[in-house]
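What follows is a structure written as C-alpha cells; I'll ask about it next.
Labels run A, B, C, D, E, F, G, H, I and J following the written order; every chain starts at residue 1.
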Amino acid sequence: MDPGDGPSGDLLEAVANPHPARAYEVRCSTPEFTCVCPRTGQPDFATVTVVYVPGPWIVELKSLKLYLWSYRNEGAFHEDVTNRILDDLVAAITPRRMTVSTDWLVRGGIHTVVEARHPEA
Amino acid sequence: MDPGDGPSGDLLEAVANPHPARAYEVRCSTPEFTCVCPRTGQPDFATVTVVYVPGPWIVELKSLKLYLWSYRNEGAFHEDVTNRILDDLVAAITPRRMTVSTDWLVRGGIHTVVEARHPEA
Amino acid sequence: MDPGDGPSGDLLEAVANPHPARAYEVRCSTPEFTCVCPRTGQPDFATVTVVYVPGPWIVELKSLKLYLWSYRNEGAFHEDVTNRILDDLVAAITPRRMTVSTDWLVRGGIHTVVEARHPEA
Amino acid sequence: MDPGDGPSGDLLEAVANPHPARAYEVRCSTPEFTCVCPRTGQPDFATVTVVYVPGPWIVELKSLKLYLWSYRNEGAFHEDVTNRILDDLVAAITPRRMTVSTDWLVRGGIHTVVEARHPEA
Amino acid sequence: MDPGDGPSGDLLEAVANPHPARAYEVRCSTPEFTCVCPRTGQPDFATVTVVYVPGPWIVELKSLKLYLWSYRNEGAFHEDVTNRILDDLVAAITPRRMTVSTDWLVRGGIHTVVEARHPEA
Amino acid sequence: MDPGDGPSGDLLEAVANPHPARAYEVRCSTPEFTCVCPRTGQPDFATVTVVYVPGPWIVELKSLKLYLWSYRNEGAFHEDVTNRILDDLVAAITPRRMTVSTDWLVRGGIHTVVEARHPEA
Amino acid sequence: MDPGDGPSGDLLEAVANPHPARAYEVRCSTPEFTCVCPRTGQPDFATVTVVYVPGPWIVELKSLKLYLWSYRNEGAFHEDVTNRILDDLVAAITPRRMTVSTDWLVRGGIHTVVEARHPEA
Amino acid sequence: MDPGDGPSGDLLEAVANPHPARAYEVRCSTPEFTCVCPRTGQPDFATVTVVYVPGPWIVELKSLKLYLWSYRNEGAFHEDVTNRILDDLVAAITPRRMTVSTDWLVRGGIHTVVEARHPEA
Amino acid sequence: MDPGDGPSGDLLEAVANPHPARAYEVRCSTPEFTCVCPRTGQPDFATVTVVYVPGPWIVELKSLKLYLWSYRNEGAFHEDVTNRILDDLVAAITPRRMTVSTDWLVRGGIHTVVEARHPEA
Amino acid sequence: MDPGDGPSGDLLEAVANPHPARAYEVRCSTPEFTCVCPRTGQPDFATVTVVYVPGPWIVELKSLKLYLWSYRNEGAFHEDVTNRILDDLVAAITPRRMTVSTDWLVRGGIHTVVEARHPEA
C-alpha cells in the first residue's frame, strides 16, 4: 500500500456478521492515527475510537488499520476527518448505529476531541 | 478435562438461585481467557466479564472457569466468541437478563471490546 | 461478642433519623468483611457497601461493624450473604430504599461482585 | 472569629448572582472540614462538596469557608451535619437546587458518605 | 495582540462547519487560563472546557486561544467569567448547543467549578 | 485444618529450589490476612508481602496460604506478627535474604505498615 | 482529654518492643492532623507520617493519636510543628532512627511538605 | 509452529546489534504469556518482562513472541520458567546483562512475581 | 504589588529557621506560575517546585508567592527562569542545599522540565 | 520542510546555554514520533524522551520538533533510531551527559522501550 494515494473507503473490508440477529456492540480503538494539518503542513496525532452495532457486516480489523493508515499524508481538519471516517465506515458496513471519536494531541495548548454519530440521536 | 475437546455449554453447572424472588445482579470477571485466531493460528487474549440478573439458577463459578478454559485451543473470532459465550450461558441458567463483554489485548495496534446482551434492550 | 454465635440482624441498632422529612442518601463501605466458603471451608474476603435513603431510622455505625463481624465464622455463598445482609438491614431500619453490594477477592481467577436492591427498581 | 460560638447560617454571605437568567451550576469542594463526635468527643474529618444552581444569589467563598470552620468545636453526627449545612445554605441563598455531600474519613473500618438534595428529586 | 485591551468576542474567528448537516460534538479543553481576582488583584488560574455541537460555524482554535488569553489582565469572578465566555462563543458561532466549564485552582482551601449551558436543558 | 490451633511454622512446606545456583528474587503478596487485636478482641486486616532470594528451598504457595490463614483467631500486635512470620519463614526455608511487610487497614485514623528483613542490612 | 491543654510529649505512651534485637521498620500515617496558623488564626490541615526503626520501645498507636490531636488548638508553623513532633517522639521512645513528615493542604496556591530525620543522615 | 513441541531456545533469533559499542538498554514486556500448572494441569497466566543491555546481538521481536508462545502447553512452575527463559535468552544473544521477570495472575489469593538476573549483581 | 515591575529577589522574605541545628527538608510546589515567551510574546505556564534544606533562614510562603507572581509579564526562557529562581532563593535564604524544578505545559508537542541544584552534586 | 529528505542532525539548532557554569538538567518528552518499520513498511509510533545536562549549548525546541518529524518516512529499527537520535543530539550540542529513550506502541503483543546514554555510566 502506498499511503500517498490518500484515504479511500475502498480500503475497508466488510465481513459477514456472524450473529446478525442480535444488536451487540463492537468497540475498536487505536492511538496510531496521524495526518497533516492543512494550514501548517505539520503532522497531527490522534486516538481514533469506533463504536458500532453491526448490521449485516462487521469491519475487518486489518482493513480498518490500513484505512486509518491512508490518512498519513492527508491534510485534514479535526472536524472534517472525524466525519469522513464515519461516512466511509457507514458506507462500507451499514451498521445499525456507529460513533466515531478522535482525540487529538495538544495544539496551541488546547486538547480537542471530536465525536460524530450515525444515525443522529 | 481436556481443552482439546473444545468449548461446550455442557461444562456449565447451574445451581439453584438462593433468592429467586429478588432481581439482584451478579458480575463475574476474569482476565484469564485465551483462544486462537482462526486466520493466523496465533493465540489471542481477553478479559471476559459476565453480568447477569439470575432467574431460577446461578452459574457455579468453578464450572464457569472450566467453560472459559475450554476455548484455549479453539479458533474463534472476537465477535463470534462473545455471542457464543452469551448463548451458552443463557441456555444453561436462563437469566432474567445477561451481558457478556470481551476486552481483547491489542492486535495490529487496535484494542477491541465486544459486548452482547440478552434480551436486547 | 462471640462471632461464633453467627450472624443475626439483632446485632443491628436503629437510631432515629434526625431529618426524616428529607430523602437524603447514606453510603457506608468497608473492606473488612470475611466469611467462610461453605464448600471448601476456606476464608473468603469482600468489601461490603451499603447505600440507603433512611426512613424513620438510620443504622448505628458501630452496630453495623459488629453485625458484619458476626459473619467471620459463617459458611456463606456470595449470592446468599449479599441478600441476607440486605434483608437484615431492611428489617432493622425500614429504609425508603437500599442497595447492598459485595465485592469479593479473586477465587479461581474470577472476580465477583453481587448487588441487591430493596425495593426492586 | 471564634469557632467556639458554633455554626450559624449568619456567617454565610449572599452575593448577587451576576447571571440570574441562566441555570448554570457551581461546585465547591473542600477537604478542610472537621467537627467533633458527639459520642466520643474525638475529632471527625470530612470533605464537604456543595453543588448548586444559583437563584438570585451566589455564596461568597470566604464566608463559606468561615461557616464550615465554625463546626470545628461542634458535636455533630454525620447525617445531621450534612442536612444542617444544606438547610443553612438554602436559607442563605435560595438556590434553584442544591446538593451537599460529606465524605468522612474512616471510623471503625467504615467509610461513610452522606448526600442531601434540595429540593428532593 | 495586547492582552491589556481585555476580553472581546471579536477575537473569536468563525469557520464554516464542514459537516453542518450532522449534529456532531466538539470538545476543547485548556489548562492555560488565567485572570485576576477583582477583590484582591491576585491572579487566578483555571482549566477551561468548551463542549459544543456546531451549527453553521466551528470556532477556529487559534482564535479561541487568543480570546482566552485576553482575560490575562481582566478582573473577573469565577461565575461571571464562565457565563461571559459562553455568551461570547454563542454570539460568535451560534452552536446548536454549548457547555462552558471552568475548573479553578484552590482558593481559601476551596476548589470551585462553574458550568453553564446554552440553551438550558 | 482448624485455624483454632493457631499459627505454626510447621504448616510451611519447603520445596527444593529448581535453580539454587542463581540469586533470583520471589515476591508473594496477599490481601487475605486477618488476625485479632489482643487488646479489643476485634479483627484486624492486613496485606502481607514476602520478598526473598531462595537458598536451598522455595516456599510452596498453598502452604504459605494455610500458614497465613492460621492467624485468623490469633491475638497479635502488628509489630509482633510481622516478626513472627519472618522468623517462621526463615526457619522453614533458610533464604539468602527475606523481607516481610504487613500493611494494615486503618485503626484510629492511622494507617500502619511494618517491615522486617533477614538478615539485617 | 482537653485539647486546649496543648501538645505535650507526655501524651505519648512507650510500649516495650517485642523484637528489640532486629532493626525492623514501622510506618504510621494519618490525614487527621489539624492545628492553627499563628499569623491568621485560621486552621491548617496536614497528613502526618512517622517512619521509625524501634529501639527499646514502640509507640502505642492510640497515644500517638491523642498526641497529634493535642495540636488542634495550637498555633504552629509548618516547619516548627514537624520538628517538635520528631523531638517529642524521639524523647518518648528513643528509636534507632526516625523520620517525621507533614504534608499540608494548599495555602496561597502552594503545597508544602516538611520532613525531618533523627539522627541526621 | 506447533506449540505442542514445547519451549526451545532454538526459536529465538539473534540479530546483529546495530550499535554494539554502546551499553544501551532494551526493555520488552508482554502480558500474553500462558503455561500450565504442573500440579493441577490448569492454565497459568503471566506478564513477562525482559530488560537487557545487548552484546553482539539483539533478540528479534517476532522470534521472542514465538518463543514465549511455545510455553502454552508446557507444565512449568513460576520459579522454574523464569530461570529457563533467562537461560535461553542468555544462550541465544549473550547480552552484557539481562533481567527476566514474570508477574503471575492470582492463585490461592496470592500474587507472585519472580525476577532473575544475569550475571548476578 | 505591580507585576509590571518584573521579578526581583527583593520580594523574597527570609524568616529565621526555628530549628537551625537539624538538616530537615522543606518542599514547596505550585502550579500557579506563568511568564511570557521571549520569542512569541505568548504566555507560558509551569508548575514550580522548590526543595531545600534550610540554613539560618526559611522562605516566607506569601513572599514566595509574590516573587513567583512577579514573572507574570516577564519574557523568560525555560532554562533561564529556572536558574534565576534558584539564584534568587539561594541569595535570599542561603540554604544548605536547594533544588528548583519547573514543569512546563506542552509547546510544539513537547513537554519540558528543567531542574537546577545548589550546590551541585 | 519536506520529511521525505529524511533525518539529519543538521536540522538541530544549538542555542547558547544561558547558565553554562551550573550542571542543571533539561527533560524534553513528546508522544509525537512516528517512523516506518523497515521490514513491513508499516508505521511505528513512539514517545521520545531526551534528558540532558547542557554543556555550552541547549537544543532549540522547535528545531528538535522538526528533527524528530524528519523520521516520518524513514525506515528505522527501534534500537537503531534511539542510538541515532542520541548521536545526532550529542554532535549538535555536546552535552555534559544525555539520555535518549523511545517507548514504542505495542507490536506483536510486545511493548518495547530502548534507552541509550552518553557518556556511558
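The working rule: a residue touches a chain if its C-beta (ideal position, glycine included) is under 8 Å from a C-beta of that chain, and two chains touch if they have at least 3 such contacts.
The shown structure was predicted, so the numbers you read here are calculated from the model rather than taken from an experiment.
Chemist: Just tell me the minimum hop count from subunit C to subunit E, counting one hop per pair of touching chains.
Modeler: Between subunit C and subunit E, the shortest chain-hopping route counts 2.
Chemist: Which neighbours does subunit C have in common with subunit J?
Modeler: Both-contact set = B, H.
Chemist: Fit subunit F onto subunit I over the CA trace and report the rotation angle, somewhere between 0 and 180 degrees, nearest 5.
Modeler: 145
Chemist: How far is the middle of subunit C from the middle of subunit G, if each middle is the mean of its Cα atoms, in Å?
Modeler: Taking the average C-alpha coordinate of subunit C and of subunit G, the gap between them is 36 Å.
Chemist: Report, in whole Å, the distance between the mean C-alpha point of subunit A and the mean C-alpha point of subunit D.
Modeler: Roughly 47 Å separates the two chain centres.
Chemist: Using mean CA coordinates as chain centres, what's the gap between subunit B and subunit C in Å?
Modeler: Going by mean C-alpha positions, subunit B sits 29 Å from subunit C.
Chemist: On subunit C, where are the residues touching two or more other chains?
Modeler: In subunit C, 31-32, 45, 105, 107, 109 touch at least two other chains.
Chemist: Return all touching chain pairs.
Modeler: Listed by label, chains in contact pair as A-B, A-E, A-I, A-J, B-C, B-H, B-J, C-D, C-F, C-H, D-E, D-F, D-G, E-G, E-I, F-G, F-H, G-I, H-J, I-J.
Chemist: Which stretch or stretches of subunit I touch subunit E in the complex?
Modeler: Within the complex, subunit I touches subunit E at residues 31-32, 34, 42-43, 45, 69, 72, 105.
Chemist: Considering the complex alone, what residue numbers of subunit G touch subunit I?
Modeler: Against subunit I, the touching part of subunit G is residues 77-80, 82-83, 107-118, 120-121.
Chemist: What residues on subunit I touch subunit A, complex-wise?
Modeler: Against subunit A, the touching part of subunit I is residues 45, 105-106, 109.
Chemist: Touching subunit A in the complex: which residues of subunit E?
Modeler: Touch list, subunit E to subunit A: 17-19, 22-32, 54, 58, 61-62, 64-65.
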